[in-house]
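In structure tokens below, several structures.
The two complexes that follow have subunit A in common; it is paired with subunit B in the first and with subunit C in the second.
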Partner chain A sequence: MSLQSSFIQIFISHIKREFLINFRSLVDVTSITSFMILIVTLFVLGIGPFEEKLRLISNGIFWIGLILAIIPSLEKTLQRDYENGWLDQAITSPTPMELVLLSKSLAYWLIVIIPLLISLPLFIILLNINLKLIPWLLISILVGGLSISLIGIIGSALTLGAKRGNILLPILIIPLIIPISIFGIGISEAVRINETPLDNLFLLIGFTLIYMVISPFISAFLIRIAISR
Partner chain B sequence: MFYLKDVTIKRGLKTVFYNWSAKIENSKVTIISGKNGVGKSTLLRAIAGMIPIEKGIVKNNNNEIFKDQIKWGQNLIYIDSKNGLSKDLTVLENLKTWSEMRGWKTSNDDIQKALDSVEMLNHKNLYISQCSEGLKKRAALSRLYLSLLFNVEFWLLDEPTNELDQKSVILFNKLIQRFLENKGTVLLVCHELKLFDFNYELLNLDLLKK
Partner chain C sequence: MFDWLANPNRFNRITEKIQPCILFITIITLISGLYFGLFDSPKDYQQGDAVRIMYVHVPSAWLASFLYFSLAISCVFYLVWKHPLADLVSSSIAPIGALFSVLTLVTGSLWGKPMWGTWWVWDARLTSMLVLFFFYLGYILLSNAFERKIDGSKTASVLAIVGLINLPIVKFSVDWWHTLHQPASIIKIGGPSIDDKMLLPLILMIFALSFFSLYMIILNVKTKLIEKKCEALLLKSNLEEISKTG
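Moving on, here comes the complex of A and B:
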């Protein structure tokens, strides 16, 4: 038996570690979803009791809520491990940093998406979302969420060690998230007006795949710079 | 033989080492000493591969170490004052996830023995956030025992004895003795030389850098 685990095993063990850390304090996990519920509620209250108006913009509200709720937590994904020296350990280990980061962003995606899926019925009621939209909404947040977490890792690596990282980070990554949100909203929007949502979906998947390839390399490069300072 | 030849190391914009050379004996303990700010930690971090070496060669037994980062990563353990312990995990979980990160397949028995080697077995279920600095350092040093099982050749330790009490220093000495028996090389940054009961070479940066 080889004493060296394969990359897949290392990958899975990383995801397990992130889950251990994040699910230890449930505040971390539930804060994103509860923040999103609050944002959506504020929007709905702001619009007032006009069902017709809400139906037109509910997709947009959902996506804005998702993006705004995710951003504050992004900084923490790498900052914690940077401060306690875990990234130093990862970089001086035989495991490639890119693998560590890919597993980190996948774990982050799961950690965001699981509570969100559980609370999806609440959003459907709050935003009065049509039943035929639900499967497409589900697909769009699954794929879009993965993109956002891959982009988020880049932003988080970029602001490592920066003093005002929590302000800098949204400014840096929201422009990158814009295409994701356009195609994400486009999917449900196309279904709403009885057109095919597949064009938008394929574009969204394409973007996600591109980010999946480049994000670990860019963020590993950035982390090496941050650590060498 | 491990040597650095004409290396230039920068930290940010500051040049810490310029065309600097040094030799380090394999299978021995080398203690890097010097006054604060002379570049002891920078040198150690550069050898560990965290700070890029701008110019010059670093060779271990005639192999350039940074040619193959992954192989060099397998060969070294680096521990500094940051410890690399996640405060939301217990001592045991930290050691386990660390060895998994390196891709090592360790049995529970090995992990228990590693914790026992620094007498952390009674504290294994403590969260790192509950540990004192000394306990954290001991939890970090438990990795050294694991590395004995996996043919690691280099230990790069940045002030490992700072927070340790007398008894833990004895345990640390024992770990080093065992590593030397395995033909391991230790690079140590430390100010208190009288703590150690093994033979060591001294690399005094004050004298060597002029």
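Moving on, here comes the complex of A and C:
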């Protein structure tokens, strides 16, 4: 019981720390959302303002915007802690590194998802998303965002200390993210053509659960390699 | 068995003997496979002579996936048992596997032009082969991205293993995506009813390309071993010079 409660305490304290660092200024909070709005704008400019066309591909645009907006901020999630020596301290502490990383990826998920949820109505208006899609879109962002941040931690750990890590990271991460985007877009796509979205949703949840188990172990292994340099 | 092979000198000695055999088998199967494939096999009743692209396309597709699997296995050997030779093997496999996946995409595209009317169709298999290519590319880029070679090898090995877990999921999800988006508009190639006369060159070509890539991998590993030996010798002579002058 005491072990369990101490684990939860560790968990909460790490999430608190990440929130403190990331929500310190308004710029950090709004950067992901504003970047996403700009990506959506670029897409609409490239396709043309035709409403029928946009209705067909708005789900895809929304998801591509989401993924592209998350990737640049992924790189610094571990890089900063690596550079200022926090990771060295974390690895010598009695807390298992895997737990630290799991709480880090959950914190990252919350940090990305909260501004997006707040600005979701804006995207619904911008992309003319059908109202019956909204609950499914919400669920798919929540679950998909979690798996993107779990994979992102792996990518961030892979490029720790690498030359040109910021260019390398998208090349490594996007192939891993492909299944998430397929299932995530599939959810809203199935609703749009009046089919059941549950198959895609369950697959997305299953995929997220797999990564929830393996991601902390893989990234902890990578961080141990990076620290031992 | 791998423990036993992991000694570089023993590896050199054994491959010295089997390399000519592999080369011989490669040449024999390649020539006979190409002959049967190009001259002595029937035309497809629908596709005509274009079906002969299959004798390069299918073996390279098979090898691209198989080589990724062996890449990841040798990465496991490197990470678990820390054999330096395993790292050399996986870094030798990577460019060859990447080459075969490019070859698959190119021949598939050449085949697609007369069959489907376009160079590229977002077919499920094409898409997953493209993703496989990017896994190879990621491995190669990451293993060269660190200042010390050993860091790159370790990190890239982890990536290869993650890719091995992820590839079946990618394959499945792309199939899933494909069935969601398009009904089966593309002719199923090959199928269960393949003529014996077509099967023979296909099998011969699979053998030829497999032995060819085995030969190239061994050659690559040997080159890297010599490179390492040169580096060690250079280091040694530098040290001697320093100790003489100082």
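The rule is short, and it goes like this: the second predicted complex is superposed on the first by the 224 of 229 C-alpha atoms of A that agree within 3 Å, B and C clash if a C-alpha of one lies under 4 Å from a C-alpha of the other, contacts with A are read in each partner's own complex, and residues count from 1 in each chain.
Keep this in mind: a contact is a pair of C-beta atoms (placed from the backbone, for glycine too) under 8 Å apart; a residue touches a chain by one contact, two chains touch by 3 or more.
As the structure is a computational prediction, the values presented were derived from the model and not from experiment.
With subunit A as the common reference, the superposed partners subunit B and subunit C fit together side by side.
Centres of mass aside, this uses C-alpha centres: at subunit A, the angle toward subunit B and subunit C in the superposed model is 90 degrees, to the nearest 10.
In the superposition on chain A, contact of A:His14 is made with subunit B only, not with subunit C.
Residue contacts after overlaying the shared chain place A:Gly46 against neither subunit B nor subunit C. By the touch criterion defined above, A:Leu158 lies against subunit C but remains apart from subunit B after alignment on the C-alpha atoms of chain A. By the touch criterion defined above, A:Leu176 lies against subunit C but remains apart from subunit B after alignment on the C-alpha atoms of chain A.
When both complexes are overlaid on chain A, the residue A:Arg229 reaches subunit B and subunit C alike. The minimum CA-CA separation between subunit B and subunit C in the overlaid arrangement is 6 Å, rounded to the whole angstrom. 229 are the residues of subunit A that lie in the contact sets of both subunit B and subunit C, per the superposition on chain A.
Touching subunit C in their complex are the following residues of subunit A: 154, 158-159, 161-165, 168, 171-172, 174-176, 178-179, 182-183, 186, 189-190, 203, 207, 210, 214, 218, 221-222, 225-226, 229. Here subunit C touches subunit A in the complex through residues 131, 134-135, 137-138, 141-142, 145-148, 151, 154-155, 158-159, 162-163, 165-166, 169-170, 172-174, 176-177, 180, going by the rule given at the top.
Residues 11-12, 48-52, 70-71, 73-74, 76-78, 80, 82-89, 93, 97-98, 100-105, 150 of subunit B are the ones that touch subunit A when the two sit in their complex. Within the complex, the subunit A residues that touch subunit B are 1-5, 9-10, 13-14, 16-17, 20-21, 24-25, 80-81, 83-86, 88-96, 100, 224, 227-229.
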